[in-house]
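What follows is a group of structures, each given as structure tokens.
Each of the next two complexes has chain A plus one more chain, namely chain B in the first and chain C in the second.
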Partner chain A sequence: MGFGQLSYDVAHLLAGTVLLLSFLLLYQRRISAVISTFAAQGAALALAVAWQGWAQGAPGLYVTALVAATAKAVLIPLALRALVRRFGLHRSVEPALGIGAGLIVGVGLVALAILVVLPATTGAGALAREDLAMALSVVLLGMLMMITRRQAISQVIGLLSLENGLVLAAAGVRGLPLVVELSTAALVLVLAGMAGFFAFHLRASFASLDLSLLHRHRGERAEAERP
Partner chain B sequence: MSAWMPPDLALPLLLVALPFLGGAALAAIPSLRLAALLNIALALAGFLLALGLLALPRGQGEAAWLLHLDALNLPLLLLGALVGLTTACFSAATVGGEGFSPRAGRAYHAAFQVFLGANHLALLADNLGLMWVAIELATFATVLMVALHRTPAALEAAWKFLILCGVGIALALFGTIVLAMAALPFAGDGGAALSFSMLMRVGREADPGLLTLAFIFLLVGYGTKAGLVPLHSWLPDAHAEGPMAISAVLSGLLLNAALHAVLRAKAVVALNPGLLPPGALMMAMGLASLLLAALSLWRRRDARRFFAWSSIEHIGLAAFAFGLGGPAALAGMLHLLGHSLVKSAIFFGLGRATVLRGSQQLAALGGLVATHPRLGWSLVLAMLAIAGLPPFSIFASEFLLMQQTVARMPWLALPLGLGLLLAALATVQAMQAIGLGPPPAAVTLRAVPSLLGPRLDAWAALAPLHLHLLLALLLGLALPAPLLRMLLDAARIAG
Partner chain C sequence: MTLLPSLLAQLLHLALMLAVGPLLVGLVRWLKARLMGRQGANPLQPWRDLLKLLRKQPLLAENASVVSLAAPYAALGATAAAAALVPGFTHGMLLAPMADLILIAGLLALARFALALAAMDVGTAFGDLGAAREMSFAAFTEPAFMLAVLAFAMLAGTTNLDAVGSLLQEGMVGLRVTLGLASLALLAVALAENGRLPVDNPATHLELTMVHEAMLLESSGRQLALWEMQGALRLALWLSLLAALFLPFGTAPADAGPLAWLFGLLAWAIKLGLLAVALAILESVIAKMRVFRVPEFLGAALLLALLGAVFLFLSTGLA
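Take a look at the complex of A and B:
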């Protein structure tokens, strides 16, 4: 499989789309736009994984693709939107590093990923190597997003996007046995973390953010915290 | 497979399954007292099972049911089960004072058992993917326990823990995938590509570039969980803000399990090292952790944060020792055991002192020897042990490590010695402040809600401390021959 063959080119295109959407995540200024971009990345990831499943003849990957499509393209974005609406989280992103500077650092990270992966993997096939380089770029961009955002919700999206890179890497390796389990387990990690955090945090600290909510919360909190 | 007799299969499986089942049961028990007692019973059963593992044959050989037992994980398992048991006793004595709601109490005990089970699974797993899942589970259980107090500080600590360890664990997964990619062409059947025994067989043929790449990700990823330097900053917060028993198991078990995962990866990658040998990377990270922690120790005011930084220092030392390899790996094993024993002993004593004084600031804990002689002197002894003074085992391992460094890499002896000296001085200073310093102006004795009754409380908090110190003393003075043989085997696997 090499350059010019359909399965190779489409795999590249789809993985490239996931990477491009990572850059878009860094570029967006509004929380709602960030969530939409994340949903689009989930959809692109599902397509990329499904294509790999077809190209490698590995039906297990279809399951991973299905999980990615339902959870990351639909359910998680919906849940995040509901959180933003319900709790009136700050609607605009507050980057610690400017958007332009962030993008430049992002380009540098992609270059780093290519420089690290390509010389190290001369033994592996061309598709696997380049797939790994792109997956590592998505991982690094997700980390960058987590570092340069101050709000909890943006950090969570960064972590989820980083995890997209992991699924992409796992799907690119031909015949990886635990691929379904690993990717779903990673998904569960982030999901449970998110749910736990928001459940605890919003209940505990909302009273101090908005006085009108204080009365409603006080009775419940007093009961919950003092045995 | 057919060579495995039933107990060989059943015992490790039971050891892993029991805490998970127990955790599910504890989640349903509303009475805090009953849950605390059942927690002790479960931990005791786990400890007896772990002792039973000693009778099993341990080989490099086949893995059954994705689990395997060898000289590297057996001592850590025994240690884990022991610290689990003593911490469960200590927890029963102090959980009444944590002020948990019934729901938080149930979550606390369930998470404690799930954490123990995940820790045992992470140590026993033969498949690196399974090991990853287990460490992820352990992360969850501890995040939950750290957040239980729901104060803003506790929430921030839990959030930091979740985000940093999320990144770390994601990097470790990436490393695991790359490792599988390196092994797949040689492993034949895909299912075995992540099995440790298989990796040890095919590691020599695998591509060194891929192996080195995998090791870098695994080291940084699991190193995050072990508290090694670039991503260590979750550790002091998590130690300071969670319930008191958690600090003991965090330092005693989680850091060891994470470092054990790094050691497994190192054993594979060292078969065919590329340009960057894995040992050198570990030594660099270990030394950086040691030096940063040695400097940071001087600026701490909070006692639990102080000892969390001391954990970073000691894990750094162990990583350095394993990186140096050869006889130094024996020092690393001994250091892991000694550190876990003494550090959890310190957290027991500190927990008791915090309950009595109502604050965990170093300044508020002053003069313990005068006000509570038994507790005060025990804590002073434990702190001297952690500072690396003879006759405890940390002195023996640090001495062996120093001697190896001077003999093999003399130019590293200077930074190593400097770090050790600074950290030891800072610890002795804290010991003087806590043990011998002036008591705070107004010592208010708090009435603490108690589950077991005040006399039993004091006993359940102090007996584990004394037991740990005694074991550390034994390890330092006279290492029994079978244990020494086991540790030497472990050092051979890791080093």
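Take a look at the complex of A and C:
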């Protein structure tokens, strides 16, 4: 398959949309905008996976797409919004690294992903290779988001968007068994649950979800940034 | 033998661009007014304003130099030259071999330079402020535009807009992530270059937020008409440029005869109309950014263009 064929083009474009939404996650300043962007990414991921299912003739992928659409585009954003409402977290996101610097690092990470994936997969088809490169980029950008955000809730979103990249990679590879995908999804669900629990605990002990308050307890700084 | 049709197409194109520019401005204003539930002025209103302004006597500040007199002509001339190069309803016009994207960027930069000089000439605070903002935004939009050009050059093997447009029209390039990223970057650049909403509000004279209008405060009469015409022509140019690159459907070859031209004209009008509607909807649903956020917005556009170019460069180099 190459450029100019419809199935290839659309798959490429949908994977690109998921990657673009990862960048948008890094660009947003407000919590509600971050959650909306994450929901959009879930929807784009569901479309990408469903298209892969059609292109590869693998009905199992439709199930994955359905799971992604219901969980990531609807349920998790709703839960996150409820969490925000409950904690009254209507403040803006405070990135540890500036927005511009974060985006520049993001471009570097995408270049790194392409440099790593393309030489390593010389035997595979062009579709799988570029899709893998984009999926790895989404994973790396999710990690970047976890690193550069101070609030627990945006770190959770970074983790979930990282998992979007894993699903995208799994959908691009032909013949991946459904069990692997389901177990990945279950693992991430557990992780998300733990992150939520962690956030609750943090809230209970510090009355805030701002992780910079924890720096004092790591013993790195004698003085806390805030009283 | 193809000289005559290509010359005719070129002249018709330039005349249409000049006629359509103020119409587009009026159309966007009218659509915005309708979307906001107002009656709205007739789309012909910018043309009426221009004709009225041309009859008025221009007033110049006492300390205005020759720059204030010459700059509107230089800016309008450069913009008109660029507008003549951007393909509209047909490919292969007389000047098509010169229609290099880098040349178009240069002509637009020249027009911007003249505008900033004219704004600073009299030495009022608002003019200086507007010029400073305009040039600082340009420091982001120009590299973003050049990076998008770079991506097109890698895809098409040329920076000639006419050739790139023909290639995209044939569909040989396919849908690429790079094209999507470049289109987003160019959309942001187009909004900033035309002083449209997230960057600058074209409908206000509020002192602290204006950029483009602040530079025109000192001009009046004929010179104001020239500046307004230049702004309108720039809008038509950018919409045609976006249409040529990202909606490359139905453009006629120059020597195809009047019937094909007619279809090309129809397609061009539809594309411009769609883009104008999209612009009006966008301007109705979003608010203006704070001036200090604009470099971030344009920096994101720059990075998207860079990402598209890097993606294309690495994937073609390593494939």
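Heads up, the rule we're going with is that the second predicted complex is superposed on the first by the 180 of 227 C-alpha atoms of A that agree within 3 Å, B and C clash if a C-alpha of one lies under 4 Å from a C-alpha of the other, contacts with A are read in each partner's own complex, and residues count from 1 in each chain.
The rule we apply is simple: a contact is a pair of C-beta atoms (placed from the backbone, for glycine too) under 8 Å apart; a residue touches a chain by one contact, two chains touch by 3 or more.
Note that the coordinates shown come from a computational prediction; the quantities given were computed from them, not determined experimentally.
Engineer: Who does A:V173 touch here: chain B (first), chain C (second), both, or neither?
Structural biologist: first
Engineer: Once the shared chain is lined up, is A:P119 touching chain B (first), chain C (second), both, or neither of them?
Structural biologist: In the superposed model, A:P119 contacts both chain B and chain C.
Engineer: With the two complexes superposed on chain A, say which partner A:M143 touches: chain B (first), chain C (second), both, or neither.
Structural biologist: first
Engineer: Is A:D9 touching the first partner chain B, the second partner chain C, both, or neither of them?
Structural biologist: Once the two structures are laid over each other on A, A:D9 reaches chain C alone.
Engineer: Decide which partner touches more residues of chain A, taking chain B and chain C as the two options.
Structural biologist: Comparing chain B with chain C, the partner touching more chain A residues is B.
Engineer: Indicate the residue numbers of chain A shared between its chain B interface and its chain C interface, in ascending order.
Structural biologist: Common to the two interfaces on chain A: residues 119.
Engineer: For the complex, give me every residue of chain B touching chain A.
Structural biologist: Residues 99-103, 127, 129, 132-133, 136, 139-140, 143-144, 147, 150-152, 155, 158-159, 162-163, 166-167, 169-171, 173-174, 176-178, 180-181, 184-185, 190-191, 193-194, 207, 209-210, 212-213, 274.
Engineer: Mind pulling up the chain C residues that touch chain A in the complex?
Structural biologist: Interface residues on the chain C side: 171-177, 180-181, 184, 296, 299-300, 303-304, 306-307, 310-311, 314-315, 318-319.
Engineer: Spell out the residues on chain A that touch chain B in their complex, using ranges where they run on.
Structural biologist: Those in contact with chain B are residues 116-117, 119-124, 128, 132, 135-136, 139, 143, 146, 152, 155, 159, 162-163, 165-166, 169-170, 173-178, 181-182, 185-186, 189-190, 192-193, 196-197, 200-201, 203-205, 223-227.
Engineer: Inside the complex, what are the residues of chain A that reach chain C?
Structural biologist: Chain A reaches chain C through residues 3-5, 8-10, 12-13, 15-17, 19-20, 23, 27, 99-100, 103-104, 106-107, 110-111, 114-115, 118-119, 126, 129-130, 133-134.
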